Structures are given as structure tokens and as C-alpha cells.
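What follows is chain A paired twice: with chain B in the first complex and chain C in the second.
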Partner chain A sequence: MKTARFRILWNRFIGDKLVVLGAVLVFLFLVIAVFGPQLAPYDFAQQFRAAAGELLPMDVMSTTATGERLLLGSDALGRDMLSRLIYGTRTTLVISVSSVLTATILAIVLGSLTGYFQGSLFDEIVMRLIDALLTFPGILLAVILVAAWGTQGIQIGPITTNPEMTIVFALVFTFTPRLTRTMRGSTIPQAHRAYIKAAQLMGMPVWRIVALELIPNCLTAVIIQATTYLGLAVFSTAGLGFLGLGPAEPQPELGKILARTQEYFLSRQFWHIFIPGFTISLLVFAFSVLGDGIRNVLDPEYRFEEADL
Partner chain B sequence: MSALIEAESVKRYYSNTSWLQRLLLLKGNDIQAVDGVTLNIDAGEIVGLVGESGCGKTTLGWLLAGLVQPTAGAVRFRGSSLASMDAATRKKVQLLFQYPRESLNPRHNVGTILGYPVRKMGYAGEAQITARIHSLLDVVGLPRRYADRYSFQLSGGELQRVALARTLALEPEFIVCDEPTSAVDMNVKVQILKLLADISREKGISLLFISHDLSAVRFIADRICVMYLGKVVEEAPAAQLFERPQHPYTMALLDAIADIDPQATRRATLEGQPPSPVAPPSGCRFHPRCAYQEQVGSLCKERGPVLQPLSADHRVRCFLYPENGQTVELDP
Partner chain C sequence: MSLFKYIGRRFVSAIPTLILITFLAFGLLYVTPGGPVEALAGIFGTPEQKVRIREELGLNDPLHVQYLRWISGVFSGDFGEMIVMAPGTPIAEMLRKPLLVTFWLTLGGALVALVVGLSIGALSAVRPNSWLDGFSRLSSIATYSIPDFWLAIILLFVFGVIFRYRWAISGQIDFSRNVLFSLQSMLLPAIALGLAKAGIVARITRGELFDVQNKPFIQFERIMGLPNRVVIKDMLHNGILPIVTVLGYTIGLIFRGTFLVEVVFGAPGIGLFLVRAAKTQEYALLQTLVLIIGTVFILMNLLTDILYGVLDPRVRT
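So, the complex of A and B:
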């Protein structure tokens, strides 16, 4: 039974060629992120010179004064563009995936509890806090939070987090409210169903009702929303980096790389802008298309009928 | 002898006050779902509860099962209040839901659904638990291989049997059956009713059988309560209620059973919709629809009758009977 159900969903997933393209692209990006240090030809902070003393960006396949060949040239500080791009993709991916993952887990916990205890004081407090966070449109909250916390990492007691964590925290604050609302919304109708009442009558403890009876039946909507947020998270991370709120130098990040290239837009090296720009677009495209595919598989509107089995 | 479960003038009102009304210190009209019901059920007894949709049958059932708390009055099980009961005794009161598909988690298979209450009753170890699950499936008449099935693979009748098995796993003494046969086919209905009656008699479990299906209630119940708009209007042993109904509403209900003989006399015909429980009629709640109201006169509109005994085991709430201070000759 399980295998038949899986096969139907799998066929639906691979039936859409665009979705398969998205999945392949996401896989390639993940490979680049995981094996970045092995793939990058040089260190992302190493500076090269075109000739003695000169630090200008170099053209495609240019050779440095010390004889290294740079496939995509260098940035304005003479650092290898390809290596920075690989490390930058790694940074952006780690930030966006971990922020969406954290926000989703938080949202599942908060949303299911507020939904189960709908109307209680706990529900009122959490939801009013979430309403307050929702008053900030889009990425603005993340911009404010990173600006307030700084890009050097946050000090929590004796621990100072690494700079990327600042951005992860900011994005978690941005994504969690919306995901929580979705989760609460799908929990409430389930919480009133008879199987939950039956569990209460059997004397099942609350944690068990919420974790094992309720949550597995309420996940569809929040997972669909989370996958669409992956593309948004890449966009937001790059956007923060572009605005100068990315991880501190010399750490590369796609948005930061893009910001540095715009200085050359009107020069002979204008094509520099397309390297990080195209990478960001491709990453967002890959996540969006994959998100669509996952929605097609999970969306209750498209769910298989009993007759399918 | 004290009854197994006692409801003492229980009321359950649902608040109908909106936040705006509350802000303006206004009081909305409460829905009077159950309005002062006293009901005792003895050990091993099967009590039928009948009435139209919206008369408060389900709410009364949920009150007796402890699923909702009474606004006023008390529900006692073995003499102690349901609200202040320890978990182990609390489990002895269970409820069988109207829609079995709703009452079983679609993510769990039958084995998992039954596994939880079985473990809770102290069975430990795979072999012991599996053996207990199999014996429960035997009791409700399902093949043992159903332990691996999911709810969407089962029919309505099979699902209700699984729900019953889950209830029986907790070894209850009292089960509220909330219209357990309304969602299944006619032939399955008879099987489920027989199963419920057999189990009740074998294990000495008391049942409150809620239904608007009079034939089902007649089949299974020892005693029947008729409810109208939150109040019990008549209470009698099953056979007696069907042969000699006393309350005009009961007569109307029995007349509503499709009759083969077109010449059969109609004692009372029920017309219109039941009034809203938000604003129930003055006096006797049934008077706007009652065929005998003309005969009794304005008393019905002015004062509410009380539930009075006609004989040792027959109680009725109507001014037609002398105990209520009025004697009216009934037309033959």
C-alpha cells in the first residue's frame, strides 16, 4: 500500500519536466555547497595582481602576475571570482536553508500548540506577538534586526555566534509568523475532529495528542509554504548581503558579490554583474520550481483518491 | 440502590455573546442545549435517548461522557463527580462517536489505534499486545489481518467496529453511543446493534444509546428517554413507551414512523420546525406544535410543566396529566 501510494506521488513529481529540472539544479547547488572547499580552485580571501602592484579586476581566463589562471577573472580586490562564487553559494544556501528549516520547526510547534489551545491565554499571547511581527512588511524586519544586531555575530551570554547566525536569526523572525499562522490555521479544524476527542477520552497526555495525533495530520500546508519560502529565503539573504548587511568581510556571499560588481557596470568589465546575478536567479528559480513540484505532490486539492490505490 | 451514572438537573448552555456585545457589556442569548436533565442509568442497563436534530441529545451524551462540563448541575459516576475523577476511573466512561471515519486517525493503522489503549491497560511486550489486539478484533467480529489496515481501506460498518474495539480495550463500564448507526447501511446497522446489545449483556456494560432512529432504539433499549429542546419530556420502559405513549410529542414521533396502513389513526401530527433553543417558547416548550394545546388552554403558554411520575417507571412532562394540576379528558 505504502509503495503504491509512493509510486503515484513519485510519478506525479517526475511527470513535470520543469520540476525535474528544478530538482536537478537544487541537487547541483547542494553539491557545490557541500563540496565547496574541494571544488574552489583558490582561497576566497587570497588577492591576486594583474601585474606588479595592480589590483584591477581581470578578464575571463586571465593570468595573474604570479602565473595563476582565473577562470572568471577577479573582483575589485583581486580575489578569484569563481572561488568566491562557490563559497558565496555555500554561505547563501546554508543561511537560507537553515533559516527556513528553523522557522518551519518553530512554526510547527507554536502553530500546533496555539491551534490546539485555541482561545487560551497562551494562544492570545503568542498570536498577538506574531501579529506584531507581521506588521513589518516582507524583508524590512530582517533589515532592521540585522542593522540592530550588527554583522559581527550576536553575543548570547558567554557565546558569540558566528556572523551568519545573525542573518539566520533575522530571517527566522521574518518567516516564523507567517508559517505559524498557516500551521495554526490547519491545526484548528483537525483539533475539533472526533479522533482528537477520542484521544482525550482515552486519557492520552497532551504532548502525545499534539505530537502524534495532531501534527502529522496538519503538516501539508506548512510544508508547501516552507518550500516556497526557500526561494524567498535565498532572495532575502542575497538582498541583505547586497544592502551591506551580509556576513562580515572577507566571507563571500552572493548578494555581497553582486553589490561589489555593480561598480563596474559602466566599464569594460560590465559582464561581472551577470556572474553573481545569474547564480542568484538560477538558485531562486530552482527552489521555486521544486517548491511547485512539492506542492503538486502534497496539495490536498491534488491528493490521490482512494480509487488511485 | 444507587445508579451507576447519575445526571442531576444538568444544564449546558453555549455562550452566544460576541466580543462586541461583551465590550458593550451586553449579554447575548445563550443556546440552551441541555436545560435541566435528571437521568439515572443502572449497571448493565441500556437507555435509549431519542429526539429531533438539535434537541440536545448529543450534548447530553457528551455531558455524561465527561467530554463537556455542565454549566449547572452534576454528573456522577459511581457516586463521585466526573470532573474530579482520577484518570483510571475516568477511563471507565467512554463514548462511541457518530462518524467512525472521523473518530479514527487516518494516519494510523488499526493496530496502532488499538495499541495505545491496550498498552494503557497494562499489557506489555509485543506478543501480549498483539494477542490482546487480536482478541479485541475477535470480539467486534473483524478478521485479525485488519490490524494492518488504514481507516480509508475500511467500510463504515468496519470502522465503527474498530472504534468499538478501541472503546472496549479500556474495559469501560459505561459507553455513550452517539448515533453509532446513522452513518452505515441498513444491514450493517442491524449487525452493529446486535453487537452492541450482546457486548452490553455479556460484559455488563451500561449504554446510553442516542438516536433519532426509533426502530433502532426499540430494538436495543431497556428504557427510553424522549428529549425535546433540551428537556426530557417522557421516560418509560421501551415496550411501554411504544405501546402507550403519553406525551403528545412522543405520540407525534411514533406516528412519524412510516406506516403501511393508510387508514391508521393519526393521534398527533408534527408540523413545522423545532423552535430555536436560543429563545425557547414560553411555558411548555412544545406548545406551539402540540395537537392538544387547544384542549388544555392557555396554561401551556404560561407555565412550564414538570416531569411527573404516572406510574413507578413512567414519567411525563405534560399538563394533560392530573399530577400537573390539570385534568383534561382526552379525545378517543
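So, the complex of A and C:
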């Protein structure tokens, strides 16, 4: 019974070529991120010099003074572009995935509780706060928060987090409200079902009802939304990096690399502007197509929702 | 419910959110590392300076007194003064021009997105599965993926660096000075902003119009042999609501995009300002921007809701 259902879902997933392409791309990017240090030909901070009479940073397939060949050339500071892109992909992916993951877990807890205690003071306060946070479109809130916290890391009691955590926190703040709203929405109809009433009558403690009975039955919508948010998270991370609010030098990040390509304008080398932007686009494309695919598999009726991108 | 009552109710329901936005803006200063004193004194501040700043800011008062003082300032148009970027200049004065620039850019972007999106969407709804339809699907996926700031860089590169048009790189948008030149410099940012979002508009328009086309009452009208203009009018009447939603939502997206695109083109709008405020930690400015952006978005949501109520009486209940 279960395998038959799985096969239906699987066939639906495999049926759309675009989705399969997205899945393959995501897999490739994950491989790049995980094995980045093994794949990258050089260290991301190592600076090279050009051979005499050549302009190193400008050229694809350039050879350095010490004989290394740089496949995609180097950036303006003479660092290998390919290695920076690989490490940058790693940074961007780690930040986006961890922020979406954290936001989803938070949203599941908050959403199920507000849904279960619908109409209570707790619900009222949380939902009002979420309304207020929702008035800021995605990346804006993240920009404001990173700006307020600064890029040096946040001090929580005795611990100072590393700078990347600031971005993760800011993104968590931007994603959690929407995810919470979705989770609450799918919790409310479930909370009035007979099995919940039965659990209440049995005298089950609230945390058990919510954690063991309610949450497992309400996850579909929030998981769908979370996967579509991965693309948005990559976009926001790159956007922050592009604005100069990303990780500090020499840590590479895709948006930051793209911002620095404006230094190539005078050299008129198009591929240097093209490659980092294309990487970001491919990453966002892969995630959003995959997210759409998963949504089509789990919820074929779905059409369009306001807070998507 | 009457339209008037509906609008009134919407207005009232927006007030709590608005109040919360003021809390958020006010609270921003207190979540900063080291709090407002460290933020204002900077890294070279001496302990005596810090004590003075504390007193000047009235930070020894209870929190609600501080909030009331700040909010009453806001209501009388006094948002505080710049401290780092242009010391002593009132923020209200600093913000007037950037607000206008961002307004024009968002409007231009929305116009491009609407014109391109609506026409492609409508055409591909009329001719499903044509090459245009395929193109519209592809472009809506591209819309998801291509960051508008990348598109902006490419446009800047092509027109500014290769073709060397002066207006392409100026970013000067000031209609009180030179209307034609301002329009020219708005062109590339508006295209970067609008084109990246046109796909969404096209997709939704196509979906809605296509659906309405196949609804029984439209087919019935066709069978009855009603003139085309009546049928199209009824189609639009039914398909317009989701398109209005998309409109409000697209403007939001474009506004978000202006931030990044302004930075690329060096257009002195709110985005460029916010980024500068972020880097120099100009807190009073950040607070004001949070307040303004929040209010603008609440008003925009309100407007969409009201437009809904006007277009579709069923929503009012």
C-alpha cells in the first residue's frame, strides 16, 4: 500500500523533466559544497602574480608567474576565480540551508502552538508580531537586521557568534513569519479533529498532543513552502553579500564575488561578469524548480500564493 | 457590508500593525551590539563621552518615556539628526530626495513589468501552446532565478561600458532639474527591475485569463453569439482580481529590487541610503527607514484590500 503510493508520487516527480533537471543540479551543487576543499584547485585566499608582461586578473586560462594555470582567471586581487566560486557556493549554501532549516523548525513549533491555542493571548501576540514582520518584504528585513547587528557577530551573553551567524539570524527572522503562518493554517483544522479530542480526553499532556499527534499530521504544507524558500534564501544571501553585508574578506560568497566583478568593467571581459551571476541564477533556478516539483508531487492542486518569492 | 464600512474596518485593522512597526523601529537601537551608547560613541568614545551621550539621549529615563518622546518627535516630523554621514542634518531633510528617486524607480519598474507581463500573458492565453506561450513559461522560470542585480550589472556593462552612453551610468533622477535626462537614466534600472518580474505577471495573467476562457458562462455567452467586446469585458471582470493581487505583490518585489539595483547604478535612492546607513551604523536613519518602509507597505496592502472590495463585492463580507 505504502510502496504503491510512493510509486505514484515518484512517477509524478520523474514525469516533469524540468524538475529532474533541478534535482540533478541541486545534487551537483551539494557535491560541490561538501567536497569544496577537495575540488578547489587552490586556496581561496592565495594570491597569484602574473607572468611578466601579462594582465593576470583579466584572462581566462591564465598562467601565473609561478606556473599555475587558472581555469577561470583570477579576481582583481589575483585570487583563483574557480576556487573562490567553489568556496563561495559552499558559503552561500551553508548560510541559506541552515537559515531555512532553523526557520522551519521554529515555525513548526510556533505554528503548531499558536494553531492549537488559537484565539489565546499567546496566539494573538505572536500573530500580531508576525503581521508586523511580514510588512517588510524578504531581503529588506534581513538588510535592516544585519545593519543593526553589524557584521562582526552577535554577542549573546558570554558567546560571540561568528559573522556568518548574523546573516543566518537575519534570514531566520525573515522566513519564520511566513512559515509559521502556513504551519498555523494547517494546524487549525486538525486541532478540532476527533483524534485530538480523544487525546485530550485521555488526559495526555499538551506537549505530547502537540508534538506526537498534531505536528506529524500538519507538516506537508510547511515542508513544501520551506523547499521553495531555499531558492529565495540563496537569492537573499547573495543579495546581502552583493550589498557588502555578507561574510568578511577573505571569505568568498557568491554575491560578494558578483559585486566585485564590477572591477572588470574596464577590461571589457564579459565572462567575469557572467560567471558568478550565472552561478547564482543556476542555484536559485535549481532550488525553485525542485521546490515547485516537490509541491506538484505533494499538492497537485496548488496554484499561486502571494508570499512566494 | 457597504463599501464605506469595509474601508473603515480595513483601516482600523491596520492600526495595531502600524503600532508594532513603531515598536520595532524604536527597539532596533536596543538590539545593536553594545546598545545605543556604544553605537553613537563609536570605538574611540571615552567613558566621559559615553556618560554625556547617555544623558543627552535621555537613556536614564524609563523605556516608555523614551518611546513616547521619540514617537511624538516622529509625529511632528522630527526624526532626529544624522550623526555619522552628515552630522547635524535633520533626517527628514536628508530623506526627501532619496524617497522620490526610489518612488520613480519603483514606478518605472512596475510599468515595465506590467506592460511586458500583461501583454505576453494575454497573448499566450489567447494562443495556448504557441511559441509565445513556451517563451512565457521559460521567462517566468527565468524570473525566479535571475537576480535583478545581475541583470542590472549586465545592462550597465552593455550600455555603459561597451556602447558608452552617458545616461546609462549616471543614475541621476531629478525631475525638477532635467526631465529628459532623468527619464533616460531611469530607463536601464526600470528595465532591470521590471523585466525580471514581468515573467510572474505574464504567468498569472495567462493562467487567469485561460481559466476564465473555459468557464461555462463564457462559453455560454459565446454560444449565444454575444459580441466579442461583451465577452471580453466579462472575462476581464472575472480575471482581474488575481491580477490585482499580483500587481500589489509585484510592486512589493520591485521595491525590494530597487535596493540592489540602486546600488548597481549608483542612483541615490532609499536603497543606497539604507546600505550606507547600514555600513556606517547610522541608527536614527535606520529607525526612520524601518518606520517609513513599514508604513508604506501597510498602506499598500491596505490599498490592495480596498481595491479588492471595490472590484469584488463578495470580498466585503
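Keep in mind that, in the parts below, the second predicted complex is superposed on the first by the 291 of 309 C-alpha atoms of A that agree within 3 Å, B and C clash if a C-alpha of one lies under 4 Å from a C-alpha of the other, contacts with A are read in each partner's own complex, and residues count from 1 in each chain.
Convention: a contact is a pair of C-beta atoms (placed from the backbone, for glycine too) under 8 Å apart; a residue touches a chain by one contact, two chains touch by 3 or more.
These figures come from a predicted structure and were not determined experimentally.
Taken together in the superposed arrangement on chain A, chain B and chain C fit without clashing. In the superposed pair of complexes, A:Phe270 makes contact with chain C only, with no contact to chain B. Once both structures are fitted onto chain A, a short way to say it is that chain B and chain C open up an angle of 90° at chain A, using Cα centres and rounding to the nearest 10. Of the two partner chains, chain B is the only one touched by A:Ala194; chain C is not. Once the two complexes are overlaid on the shared chain, A:Gly203 sits against chain B while remaining clear of chain C.
In the superposition on chain A, A:Thr261 makes contact with chain C only, not with chain B. Of the two partner chains, chain B is the only one that A:Asn217 touches; chain C does not reach it. With both complexes superposed, C is the one of chain B and chain C in contact with more chain A residues.
After the two structures are overlaid on chain A, the closest C-alpha atoms of chain B and chain C sit 9 Å apart.
The residues of chain A shared by its contacts with chain B and with chain C are 306. Only residues 16-17, 20-21, 23-24, 28, 31-33, 141-142, 144-147, 149-150, 153-154, 156-157, 160-162, 200, 204, 207, 242, 245-246, 249, 252-253, 255-256, 259-260, 263-264, 274-275, 277-279, 281, 283, 286, 289-290, 293-294, 297-298, 301 of chain C touch chain A when the two sit together in their complex.
Touching chain C in their complex are the following residues of chain A: 18, 128-129, 131-133, 135-140, 143-144, 146-150, 152, 154-155, 231, 235, 238-239, 242-245, 258, 261-262, 265-266, 268, 270, 273-274, 277, 280-282, 284-285, 288-289, 303-304, 306, 309. Chain B makes touch with chain A in their complex at residues 65-67, 87, 90-91, 94-95, 97-99, 102-107, 116-117, 120, 150, 152-153, 163, 166, 170.
Chain A makes touch with chain B in their complex at residues 1, 193-195, 197-204, 213, 216-217, 306.
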